[in-house]
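Order as written gives the chain letters A, B, C and D; numbering starts at 1 within each chain.
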Amino acid sequence: MKERIYKIIEKAEDEDVVSKIFDYAIIILIIASIASVILESFSGFRTKYDYELYLFELMTVAIFTVEYFLRIWTADLKYPQKKALAARLIYLFSFMAIIDLFAILPFYLPFIISIDLRFLRVVRLTRIFRLFKVNRYSDSLQLIGKVMKEAKEELLTTIFLMFFVILISATLMYNAENSVQPDVFPNIIASLWWAIATLTTVGYGDVYPVTAIGKMLASVIAISGVGLVALPTGIISSEFMREISKQKVCKCPHCGGDIG
Amino acid sequence: MKERIYKIIEKAEDEDVVSKIFDYAIIILIIASIASVILESFSGFRTKYDYELYLFELMTVAIFTVEYFLRIWTADLKYPQKKALAARLIYLFSFMAIIDLFAILPFYLPFIISIDLRFLRVVRLTRIFRLFKVNRYSDSLQLIGKVMKEAKEELLTTIFLMFFVILISATLMYNAENSVQPDVFPNIIASLWWAIATLTTVGYGDVYPVTAIGKMLASVIAISGVGLVALPTGIISSEFMREISKQKVCKCPHCGGDIG
Amino acid sequence: MKERIYKIIEKAEDEDVVSKIFDYAIIILIIASIASVILESFSGFRTKYDYELYLFELMTVAIFTVEYFLRIWTADLKYPQKKALAARLIYLFSFMAIIDLFAILPFYLPFIISIDLRFLRVVRLTRIFRLFKVNRYSDSLQLIGKVMKEAKEELLTTIFLMFFVILISATLMYNAENSVQPDVFPNIIASLWWAIATLTTVGYGDVYPVTAIGKMLASVIAISGVGLVALPTGIISSEFMREISKQKVCKCPHCGGDIG
Amino acid sequence: MKERIYKIIEKAEDEDVVSKIFDYAIIILIIASIASVILESFSGFRTKYDYELYLFELMTVAIFTVEYFLRIWTADLKYPQKKALAARLIYLFSFMAIIDLFAILPFYLPFIISIDLRFLRVVRLTRIFRLFKVNRYSDSLQLIGKVMKEAKEELLTTIFLMFFVILISATLMYNAENSVQPDVFPNIIASLWWAIATLTTVGYGDVYPVTAIGKMLASVIAISGVGLVALPTGIISSEFMREISKQKVCKCPHCGGDIG
């Protein structure tokens, strides 16, 4: 019976109808749960359906809690070569188990420690992370994750460079514009907002330079922004290429030897 | 005679003058048809040339209807190894036949079922899809289509990730800004508009955060936006590379045989 | 003597001092010429130094005219295997000769045919094309040009797709927003301006949707815009890779045979 | 003892505790130094803690000055195959030594030559370059630097092309919009601001065309902007690929020897 439960809560195999129904039910529940968070943000809806929203919350958390403990219980079937306790501990600290915990924790937390209600509202948002469960079934997310992991060092260096350029440009812009627009660029921290909006080419238009020097600076930074977009793209492209070429093994059809 | 008609309506071979004239006539008709949709949107023009627009519409639909049925009739020459009925059914559900149907359907639909006139105006827009007919003659569209198809899974995952980041950031921003700007961020759905404009780096400037927390959030999301642009670009780049390298034939230096 | 002139006006070899001086003089003249166009746009400067600007214009055109005819005269040394007349005709229709002609034509044109003075001002701008002369000396511009030429078909298809998405989205947006914002979206042509600003992620903020349907549409288009940026980038990346890998010839150091 | 000092100020080896403490202390000092620059920009903070900021400045410059001279003194251990003086000169003009000099120079400069105090404030900003010291310890920054160096020529050509497109579009836009919006597009230099904001897709929205011709021009330029973003991305992608494939060792299937 334990094996049956394990097979149901895991990704369904082709012929396993019950497991498939379970998979789709979980996906629907996740989407409904997210919809309830969105609907709750409408003040009219919140006032009118406060009780229904609470009931739905109760039901979702109950189901996800049962599912969470079933997954821990069947963890020894997931890692058969490990001992029962070791398998459960490995599972507990796996990425997916932490996501599962985050989905139910915001409900139980106020019972354990007293939390400010306003802050609680923000914590409950972690429920949206349940969406990642849908992706448990996706292969290409793993490929993307692998590529990001391989390129991690280069990407972090790019973010560091970005941060560096943002800091330099914000400081320069503060010096160029502070005397003319003291309300818009009162200090370097406020200039950072402008620098980020420009370097990422978002450009809301709420903050922009008006002096000649400020505009020259902004031009240099906007053009640098194009380069800083090109850098992570180039890194990710080449990493994707490497990942794909790894999978391809070139063998000579005649002599059978590896090539490349 | 059937074979002659088939050759005329298909892409022209080099020496076939009549077929070439047909091809160009269809392209001109499509462009004129699109021009009429654009001109119709000018209220002054619409009032003045209402009758002429209707006549042109009648003519275009007539020609495209005849062409549609000729294509179905000659479908057995397109798939010679299939039976006549099977060939026609295969053609009927091909991408190009559906585009052809969409080009004429909006005219006939109101005769069959009663449709609200205002809605009808929107349906008639599908006529613009006729432009795809021009591309029936393009090779590189097929290459692009092939690349997109190969990268479909990764691109869909990227869109899912994008949707995820948009949802998270919209919810966080709603919590950060709602109390200060209740008109701009009244609920999560309204915040989504801001999140999409920021993550895609469009940045209209109609909605932007004013609080310190809101600006920090927006900064993180704008920088994430750069990464989310890099992801599909990297995927498409590597897929293009793979497609091109497939065409390249390598030879084994030992035996001289082709290596895939 | 003819050969000496040819060597002077062509790109300088390392030891040829006169030719090098000529090269730098031409570059300085081009930059000064562009500076004069920019300075002329300041109404105060134009009024004050009208005569000096005219004198400088006269001098530049004189020098470029002499250079243009010297280049035609020495064209037979550029293509030594061709006959004198054929070489000159080939040169006349080369890209660089046309740029050279454009640099002097706006001055002579009003003497031949009568042109409206306002239009003349715009034609004179072609002088800026002289900047391309500086690049005659650049290798990497040729690599970029080669890559763009190889990828031409795919890039044109991307532009066609872009045009298609712009047309569709402008038409849909016109239908969604026209009744609410008749001044902002009066017709499809006006909506095109919005569609281009959104798809290219420029987002000035002068035109944006306010209805729920309009915002949903804009979201879809902004996200499509990310994809349409990824497409040309992917094409150009893969083309650059192919161009670079062409230059690399893998030879086995042992047996000397080509690999890959 | 000299060797001990050299090992301490250089990147720490795994077991060297003192050297590690030194490394972290320098990083903390750099970050604190940057924080002080940011805090100084708040006029309230500057007035209140003027003396404390000056003391901190004194301390930082003292430490960095001692470190600077220790690095010069131990330079002969860094380049053991060179003579002592030659090694020090090589180090003095290395990238990192110049950064180190820039970090302390703004403090000493006013003692040597008299500088306007307002300008001094801007010069002191170079202190932020100290952040690069943190990166002395990073490998992937070197990879990025190498890729940028290899792609330098192509990237400079792209910047030249960008500059060319910006100049052309600013001049055309000035001619198109000057008569309608004389305040927004008073001369070509002012139009450059618009051209850069559009081509880099920042789009603040402070300056945009209103005439039909101006909007057409802006559309063409915004679409070109997408291409000009794609160009550097493609260049950097292919260069990253080449750098990575260099590291990959291929073997000849015939003789088993390494193939570069």
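The rule we apply is simple: a contact is a pair of C-beta atoms (placed from the backbone, for glycine too) under 8 Å apart; a residue touches a chain by one contact, two chains touch by 3 or more.
These numbers were taken from a predicted model, which means no experiment stands behind them.
Visitor: What angle of turn lays chain B on top of chain C when you fit their CA atoms, given in steps of 5 degrees?
Guide: My answer is 90 degrees for the C-alpha fit.
Visitor: I need the pair from A-D, B-D or A-C whose contacts repeat those of A-B. Over half of the residue-number contact pairs should coincide.
Guide: The chain pair with the recurring interface is A-D.
Visitor: Could you work out how far the Cα centre of chain C sits from that of chain D, in whole Å?
Guide: Taking the average C-alpha coordinate of chain C and of chain D, the gap between them is 29 Å.
Visitor: So the centre of each chain is just the mean of its C-alpha atoms; given that, what is the distance between chain B and chain D in Å?
Guide: So the centroids are 42 Å from each other.
Visitor: Two or more other chains touching the same residue: where does that happen in chain B?
Guide: 201-205, 229, 233-235, 237, 241, 250, 252-254
Visitor: Can you tell me which positions in chain B touch chain A when the two form their complex?
Guide: Residues of chain B touching chain A: 153-154, 156-158, 160-161, 164, 167-168, 171-172, 174-175, 178, 186-189, 198, 201-205, 208, 215, 218-219, 222-223, 225-227, 229-231, 233-235, 237-238, 241-242, 250, 252, 254-255, 257-260.
Visitor: Considering the complex alone, what residue numbers of chain A touch chain B?
Guide: Going through chain A, the ones touching chain B are 34, 37-38, 41-43, 121-122, 125, 128, 131-132, 134-135, 138-141, 143-144, 147, 155, 159, 162, 192-193, 196-197, 200-206, 228-229, 232-233, 235-237, 239-241, 244, 250-255, 257, 259.
Visitor: Spell out the part of chain B that touches chain D in their complex, as residue ranges.
Guide: Chain B reaches chain D through residues 201, 203-205, 233-234, 237, 252-254.
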